[in-house]
Amino acid sequence: MEKPIRDRTRKAAQGRAARAKPLRARSGSRRTAPARKEAPAVGGAAAADDTVITALELEAAPLSPAMAAYFEKCREKLGFVPNVLKAYAFDMPKLEAFVAMYNDLMLAPSGLSKLEREMIAVAVSSHNRCYYCLVAHGAAVRQLSGDPVLGELMAMNYRAAKVTRRQRSMLDFAVKLTAEPWQVEEADRETLRKAKFSDRDIWDIAAVAGFFNMTNRVASATDMRPNRVYHGQARTPATERS
Amino acid sequence: MEKPIRDRTRKAAQGRAARAKPLRARSGSRRTAPARKEAPAVGGAAAADDTVITALELEAAPLSPAMAAYFEKCREKLGFVPNVLKAYAFDMPKLEAFVAMYNDLMLAPSGLSKLEREMIAVAVSSHNRCYYCLVAHGAAVRQLSGDPVLGELMAMNYRAAKVTRRQRSMLDFAVKLTAEPWQVEEADRETLRKAKFSDRDIWDIAAVAGFFNMTNRVASATDMRPNRVYHGQARTPATERS
Amino acid sequence: MEKPIRDRTRKAAQGRAARAKPLRARSGSRRTAPARKEAPAVGGAAAADDTVITALELEAAPLSPAMAAYFEKCREKLGFVPNVLKAYAFDMPKLEAFVAMYNDLMLAPSGLSKLEREMIAVAVSSHNRCYYCLVAHGAAVRQLSGDPVLGELMAMNYRAAKVTRRQRSMLDFAVKLTAEPWQVEEADRETLRKAKFSDRDIWDIAAVAGFFNMTNRVASATDMRPNRVYHGQARTPATERS
Amino acid sequence: MEKPIRDRTRKAAQGRAARAKPLRARSGSRRTAPARKEAPAVGGAAAADDTVITALELEAAPLSPAMAAYFEKCREKLGFVPNVLKAYAFDMPKLEAFVAMYNDLMLAPSGLSKLEREMIAVAVSSHNRCYYCLVAHGAAVRQLSGDPVLGELMAMNYRAAKVTRRQRSMLDFAVKLTAEPWQVEEADRETLRKAKFSDRDIWDIAAVAGFFNMTNRVASATDMRPNRVYHGQARTPATERS
Amino acid sequence: MEKPIRDRTRKAAQGRAARAKPLRARSGSRRTAPARKEAPAVGGAAAADDTVITALELEAAPLSPAMAAYFEKCREKLGFVPNVLKAYAFDMPKLEAFVAMYNDLMLAPSGLSKLEREMIAVAVSSHNRCYYCLVAHGAAVRQLSGDPVLGELMAMNYRAAKVTRRQRSMLDFAVKLTAEPWQVEEADRETLRKAKFSDRDIWDIAAVAGFFNMTNRVASATDMRPNRVYHGQARTPATERS
Amino acid sequence: MEKPIRDRTRKAAQGRAARAKPLRARSGSRRTAPARKEAPAVGGAAAADDTVITALELEAAPLSPAMAAYFEKCREKLGFVPNVLKAYAFDMPKLEAFVAMYNDLMLAPSGLSKLEREMIAVAVSSHNRCYYCLVAHGAAVRQLSGDPVLGELMAMNYRAAKVTRRQRSMLDFAVKLTAEPWQVEEADRETLRKAKFSDRDIWDIAAVAGFFNMTNRVASATDMRPNRVYHGQARTPATERS
């Protein structure tokens, strides 16, 4: 039987890595051992799959104390370390800069709710057809909204979603900024202001949309793979959960 | 609190319908009564939601005997009648022509497996960002493959999926035919032949890709809504199901 | 002198077919004998050209009684069997499903006139640059309108045509649905309603536009060739015909 | 009955012109009198239609001696003055510059045959969906080739045409240069050189493609209308003409 | 050290030319000798660079008296002969037609100022990403406006420029006509009329936009290189020049 | 005389701000006072112009000690604080995260030279037509390369630039990742590996391209304006500077 082509390119990547004789023993690398611990909820095959996170051979660096604590916090709160963090973990300054910007944008106080920021993330990632971000942030929309359908709508075509007019204008701005940033003008900002977004909110919409235009591209360039555990998350409406 | 805009346009549609004084009593129309019976597995809110299927006010016609039998078969085998069928049910010749073509393309013997035909359906619908078809046929890919991730990959970016080279060339052809049909030439057919597709298989790839380019547009033009039950289907890997 | 490249690929196709040893004798196949009878009006070279209809080698199946009668009716009324029908004739269920859907969409009672449905067909096919459909349905627009220029305008740029505002909104909807179906929303349907199209008319516009998005792709995928006789049809204004 | 919208905008244009009180009496203007003489072959309605050539109100200037002679030559050889010339005739330096460039490009000695230059004209105009140029130069391709189908193929999708490989590479270059000139590079020129085009031929391909990218836009910007007589020209294969 | 690839393709071009044994001695050709005289202001390396103007090997023809006088006038007024003129100088009728049309469009009396015509030239060339025209006409905008930033804005994104509403509507028309000429309609002309452009001005906007759509493509097709001297021109605001 | 439209929208923005009664006195805000000190080299009008940096009214926050030191360092080394930093200065965590990521990407050790990273910045910003980034990073390319033309080439059409094959493949990857990230696959990474880029280099190319896809959008969404001083920088070849 013919082998799936992704498997073969990944096998090749592993082979290349092996030949490259990394400084640290492969058995202790990010690609095998840690995975065993990190994603136990997903089960055998899934856990194995999560051990290859990108198409690039980049040796994990020792975690800085701050990042070690952060990874530990992820395991406690989420049950796993998101693969994007492991992907950046070959270089501590890059990982730390990414984490600082991500947490500020998605979690710091803002006129946009956390759900709205995740909705922007998914609508932008849908335009860019970014597999990693659609899976990870689609799960976040399902979780934060308690509505398993909303994540799908954002990932497939946000124009079909039942959102408020205000949210719709926010998403239209974010997607226009993604598709043809050169066309964004004062009239677009005025539309947001009429929908009661402050200038500070407009910055946040732009910054979140901009950020996912960055991460979508890093993920696509490196063939980044989401943790399999995301797929099953929050598939039941909040109202029906026990 | 602001109301979702979709709700309001649908409310308006219902109002318009009421004002239009349809010949048949509204209480007996397709939009309320049948739904109660058809989708019991989904539960309260979902069932109610499934009663408005498109943005068009089209009175359901009496089912012809053949179509009544077909709907009954759907309820037996699937537990529900797919909304696309109810959407076409305002006119029996249209419903029958649709069912005949659909069943021939997706279920008749072919060099393409049923899963492969569903993969084409989803890859094409992803290019066209058709919410209805992505939900309904994404579920079919999950079901037929026993792989809950594969449906997501097809819906988000088929290029990231682990498929055989042969399947990849099939999907590339279908998506090129969707995006820029005027560019398809002998060289594209030759690529399929080199991947061991017969001329008859090439017809089937073209016909399935063409068909979903039709239904994607009918669904988008009418704001067709998938049965909510699809969302939860086949989210667990076949290997882990009891 | 250099040979045209199309000729060579078709020669290759014929060679491939010969090597494939079809079950029926080639001399009795759809590709030669029937053509001699079907398109006598076109004359020598043209008739020969009409014998190769697609780039796929698909052996014609025996016509079912219904389809034999239908082909006969085509010969009586049109003087020839449209090549698209011969292209589907390798498989009776496919041919019958296609004929049923085509005839319902283009000929059954509708709020759209037959000419309007043909105008949609040509405007959609122009967007998709489908040679087969532009030739066959461009001739239909010329014939039904008695205006030899209107068919050209639809095929080249419908925006330049002298049509009513109502027809223009119908064509704008059909072409937007063709070019970017994901952008079609309630506002687009409202524009049609304001132009006095009923919800049933909107369905028909969507269904015809959708159908030609399917056939354009089947034709492009198979390099389907129109009967040459279409080219000369209805080139004189109705008012000047004797 | 609803009036065609084109008619109304043209009526408005004529009204605007009337209000503008042009220096010369309207009855003696380009828009009525000359037309009576110039296109007698087309007959009543057509001749009337040919009297409004663009959507702009530009008073015809007195023809310079050189241009008067050139128009006379057109009438002798073609039986009519092409509308594009009348459109430029509001300003003699513009008309003369246009005529000089046109005649040099399309008629002067070149490694490209006149038919090949017309094929480029039509393939470029098809990409730009320019009604004027497709009608006028489509007729030229039919005439020069003696093949009524070739003009249609160029206008609809040149990729489907039976042309030599050399001609195909010429058309591919011209259309790429039209669609995305920023992508044209040395490799594209090398492809032409391999097809035995000299550097001088490459210039001519570029210059003809460039020229129609200009005229397509002037025609579209002004809603320029072709002489109706073009539509019927050369619709019969040369081999069948008496 | 690796050699820049442009250098290599140009070296190859020179090699090809040498092998082709042109009729005139290479040392006397346009490619070396004249450059020494024509662009002294730029200095050594730059002057050498200006000796290869396009990727095509086209032997300069003897200048006609009119063109010799014109080149002389360029040297007097500009200090150099623009490379586009040298590129056309392999054939006098082509050069003369180009010069006649260029001078009429850009320098003859018009309702558009010379600066406005240059602004159209640059906005169009920016859409087409034409290196030659952006450099040469960007310098013209800087020069005519006395505003070194305005040329950059036009070349980078005219939508960000501080221009009058009237100029903005002119540029929007020109760029729409460049990007999707098939969409230009009466409503677009009406927008210009509302901004107080006469029908004659509309012609001029269309003609200038059309012209640069031609020259952009000739320049891209031939890899035409601007004189280096343009780069430094008018980089200081007029108000600050001594 | 008609006022430029940009001025008016900015005036409106200032009016809005005034009405909004910010907590801090306007006279002490970022928008006037600091500018006087920061960009003395540019002169009167320019300095005034630099006081309005974005279309959003966001009150500058007090600089954190780290950021105050960083701004001071900018003034020392560059002579001014880049406007992008002032634009982020309404919120210290955002400014610090931006600075950390920017400095790591553009200045930390990498297999890509600083010039190469700036070339990616400009090629990406050119695709996105981002005025701010083209001006600021175009100047950086001119400065780091000592070649005033190279910055223009990157900003106008990098495909026309004289770069090494290796650099060209780097830029092609970055621009493909910008234009259609969903199409980037293993074959694209392999092309980079063949050009002797390590997997770590590939990460850096992706990360720099991704970063400017973010900042381009933040700049376009907020109409960010570059310091005028950039325009005149490094316009003379390094070899000719005294």
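A, B, C, D, E and F are the chain letters, set down in written order, and residue numbers restart from 1 in every chain.
We take it that a residue touches a chain if its C-beta (ideal position, glycine included) is under 8 Å from a C-beta of that chain, and two chains touch if they have at least 3 such contacts.
Keep in mind that this is a model prediction, so the values were computed, not measured.
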Practice prompt. List every chain that touches both subunit A and subunit F.
Written response: B, E
Practice prompt. Please identify each chain that touches subunit A as well as subunit B.
Written response: C, F
Item to complete: With chain centres defined as mean CA positions, report which chain is farthest from subunit E.
Response: B
Discussion item. Matching over half of the contact pairs by residue number, can you pick out the copy of the A-F interface from B-C, C-D or A-B?
Written reply: B-C
Item to complete: Round to the nearest whole Å and give the separation of the Cα centres of subunit D and subunit F.
Response: 46
Item to complete: Please report how many Å separate the Cα centroid of subunit C from that of subunit F, as a whole number.
Response: 53
Worksheet item: If you average the Cα atoms of subunit D and of subunit E to get two centres, how far apart are those centres in Å?
Response: 25
Worksheet item: For subunit C, what residues touch not just one other chain but two or more?
Response: 129-130, 157, 182, 185, 223
Worksheet, complete the sentence: Every touching pair of chains is listed here as A-B, A-C, A-E, A-F, B-C, B-D, B-F, C-D, C-E, D-E, D-F, E-F
Fill in: In the complex, subunit F residues that touch subunit D
157, 159
Response to the item:
Residue positions on subunit F within touch of subunit A in the complex are 9, 55-58, 90, 93-94, 96-98, 100-101, 104, 108, 128-130, 173, 177-178, 181-182, 184-186, 189, 199-200, 202-203, 205-207, 209-211, 213-218, 220-223
Worksheet entry | Interfacial residue positions of subunit E with respect to subunit F in the complex | 2-7, 43, 45-46, 126, 129-131, 134-135, 148-149, 152-153, 155-157, 160-166, 168, 223, 228, 231-232, 235-237, 239-240
Response to the item:
Contacts from subunit A onto subunit E in the complex sit at residues 182-183, 185
